[in-house]
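Below: one structure, written as structure tokens.
Order as written gives the chain letters A, B, C and D; numbering starts at 1 within each chain.
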């Protein structure tokens, strides 16, 4: 992965808008011109829960334009519940942008695979690709139609959108990676963000198709900036993203543990040893 | 104290209105017809923080009329901060009404003494007294003018309002109990709610004036319903409110520990052995 | 999907319709919470601990809120066993759930004396031995912090009654599993794991401790990870049932304890958050098990604990 | 009201401009947080613990959020002392604050070997002995859980260096004051109180522990009352300075530790809430002391701890 880091800092931000896109899915827009100006597609922020006593939460940067950036999240625990309680005019803090984003250079036909909340990290790469006149398809999976949030937005931005739901309530029935595997129009690059089983399936399909894939990984974070080594993933020791000393995993192979928050969250699928 | 308990239960309530009366002082109105119908002046609720993980907070019932009840609180910790984040349309739960309120029978000329957040527990008794054509004066003290919240409301309700501020920014400069001590028009009953030093001073002044006083005490609560014995205050063993077995305090005098949440929060000043 | 899920559990010879006890010292005698909850929907109430002599308890303040928890230092305020038997115990007969007496003391003799007299009463269905209260003079805590004292006090009390004897352990030790083994060998029918974690808070304006007693016991969600681990470790060390407790507020919390190896759970501080929690937990446990096709709560006990020996296996009365 | 408030502290021979250390394992080598905070405004960084041999650490997940806290089980991932000295240590020279090496190990010999080599480097200003990591095989924890082992390892390491030696204690013991006394007698210059509290969490859907390592260490505001009490008790037992830690997020939190008897404080998990916390604490401590006319932070150490002997009294260099 090319180093796509940007100058990060802490921003005290003002909530500009709050939309409930689906039950338990909130889009929070905030005033952050400096952050928006330097954000690279695929980067994230650590958002500080306004009530204190709880660690910051990693959230993908959904939109970044002009004075406004936004995050989109699924309410699944105490911290996202706290953020869901914010309204226009409230304040909170974010550190960012953080991590290494997607490498988009040279691609001509890109398939973006997003599952569930993974959608939050792929609008910016989609916009950048369309802006560069790259053919961009979004393969978007969710449990049910209702959770295919902001689908139309991607269409408006100029993506072709292919959907799948577990229950068949919208688009294909089944996994979105099956739709990817079945595509006739082979992409030359795959980007993916979503739950771990989806990412593994994407890596498998990419291998079958012989297409390079970049995966944005998820793991519980603590620091989000590389300080605690809590979010590691084993990488091929020759990966350009390998940060430090090599060691042997349980199976006896040589690997290097990379920090998802610092060396990632985006990694080349073929370099992961997970 | 006459037993002024009402049938308590848990209520899931809807926020009707939220007003910031002063910086850090919030008035929260909610839909609770059943609660409002049975509340006695001086009772309180245990309000459940909507985010979980934190114990319920004791809050005086400020207003109770028709379908609506309200609480008023000073943001001073994590839980009141959480409640301050609620807006119209949000939901939370309260248990109540709880405790024994003020005994108002027979009084002809009542002085209500309120300090700071203590104001939250004295609107209902003031209204009840005025309704019964009892001369009702509010002696209201706060650190500074800004914190004499909702002062005009008491005037509108028909009370005479005498104020004092620590910094002299409104009304008398100094303690409100000094104003009480200096009154020419001696009341025949004093009701008081506020910080502990104010209550002790009120008890002292009441003794000097030879007037009976009822004090609404404050202490950190856990259960709020008499189950944990965390909120006790020593009472004269002959008090009608003495709940159980007598014992000897450090000084060797016989006292009975009463639970502020269950036997109180309102006690006769002359029966307290604090 | 099954609908007839069995949530009953047995702790020694005590049969509980539901796996939910209310923690000692947190729930009065149950009556205090009756306006808010149907007491016939809980397993039982563990009464406030009682001692030989009356105790006024600690000076106030006795309670402090802390992040996701609270400190208490009540100091075993109670009327003493004489007054208690005379004035209080008869009222417990009307509780529509199990009633478990809690015994505290300052000597082995104290414990045996109070336990024997309390257990003799029909209103009391089982006994819990509180040898782990952190809020009284040093000796009180020592019992559960010392394997030999634990063994002595349990053995002596055991000899006084056949009723179910639950021994409540302290987390404030280097090796809780070792203490648990002593209590088991000495004749405990079950273990309550855990009592509060010792802690304190300081008033930074007054420059003095916030509790009248200086130190107190930490309870609530903050200590849940500590309690789950204690249950996990004790469950590998003994074969008697465990009543798991410490910060339980939801069915998911309760399941952590059950999967770690507790046969029942106890709710204390959670009642201060919302008094409906115990009934909600029972409803949600029911739904959770039904959705997974599990017919009895007992089947999931210890399921996240490799190397755990399910206590029911050894009683010959369950699969 | 005074404006020139002295916030500097001395820990052994280590002079800190500010009383704020960043907790080992939480702050990388400081550089990771430089975009968010001015490192010249913190007292120092305690580096991630290093061992003799390289370690990949524990399987993931290594982190779980819990109420007002978190569990971690990193498992001492580190490149081993050889690689560390060769590739990493030189970079620490540029940090504008104190740099404290942290040593972990599995035998007394390990500790001495790593400590000696690390202390020999100029970039390392002091050493912290992590004898209390709960996330490695049993032996790792045993040191701080056993008074004799504590004494042996501290004595042996003490012989290898004159640099300030801070010994980090575990709260997972029956009597932390007793362990503290052993460390003091064996030659520790200071004590770090406390490391994480052992805990675990269970995934109630997968029916297995949520951490790859099964158990982990609890940190954050949830444990603050436990940590304050540990400092309070240790401060009565020893005369060497204490670095208080466990859930510090605000100046008020820091003051609880200082008033309990800590001479300095350390912030770990708080940096994960907001990286500006350490600088905010220094600013607010300054304001707090100025408002009370206190000229030096050292004056308030132990002020809420009756019976505490201020360490500075015994050095002859302060009033």
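FYI, contacts are C-beta pairs under 8 Å (C-beta built on N, C-alpha and C of every residue); 3 or more make two chains touch, one makes a residue touch a chain.
These numbers were taken from a predicted model, which means no experiment stands behind them.
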{"item": "Touching both chain A and chain B (chains)", "value": "none"}
{"item": "Far-end chain from chain D, centres as C-alpha averages", "value": "B"}
{"item": "Where chain B and chain D are represented by their mean Cα positions, the distance between them in whole Å", "value": "45"}
{"item": "Chain A and chain D: spacing of chain centres that average the CA atoms, whole Å", "value": "35"}
{"item": "Touching two or more other chains - residues of chain C", "value": "67-68, 220-221"}
{"item": "Contacts with 2+ other chains: residues of chain B", "value": "52-53, 78"}
{"item": "Chain-level touch network, classified as line, ring, star, complete or other", "value": "ring"}
{"item": "Touching pairs - complete list by chain label", "value": "A-B, A-D, B-C, C-D"}
{"item": "Footprint of chain A on chain D - complex, ascending", "value": "25-28, 32-33, 35-36, 48, 54-57, 59-65, 67-68, 70, 72, 74, 77, 79-80, 83, 87, 220-221, 249-250, 269, 271-276"}
{"item": "Of chain B, residues touching chain A in the complex", "value": "50-53, 78, 81-82, 85, 87"}
{"item": "Chain D partner contacts - residues on chain A that touch it in the complex", "value": "7-10, 48-49, 52-56, 77-79, 93, 95, 219-233, 244-245, 247-250, 255, 257, 262"}
{"item": "In the complex with chain D, residue positions of chain C that touch it", "value": "66-69, 71, 145, 172-174, 197-204, 207-209, 215-216, 218, 220-226, 228-229, 232, 247, 252, 255-256, 259-260, 288, 300, 303-304"}
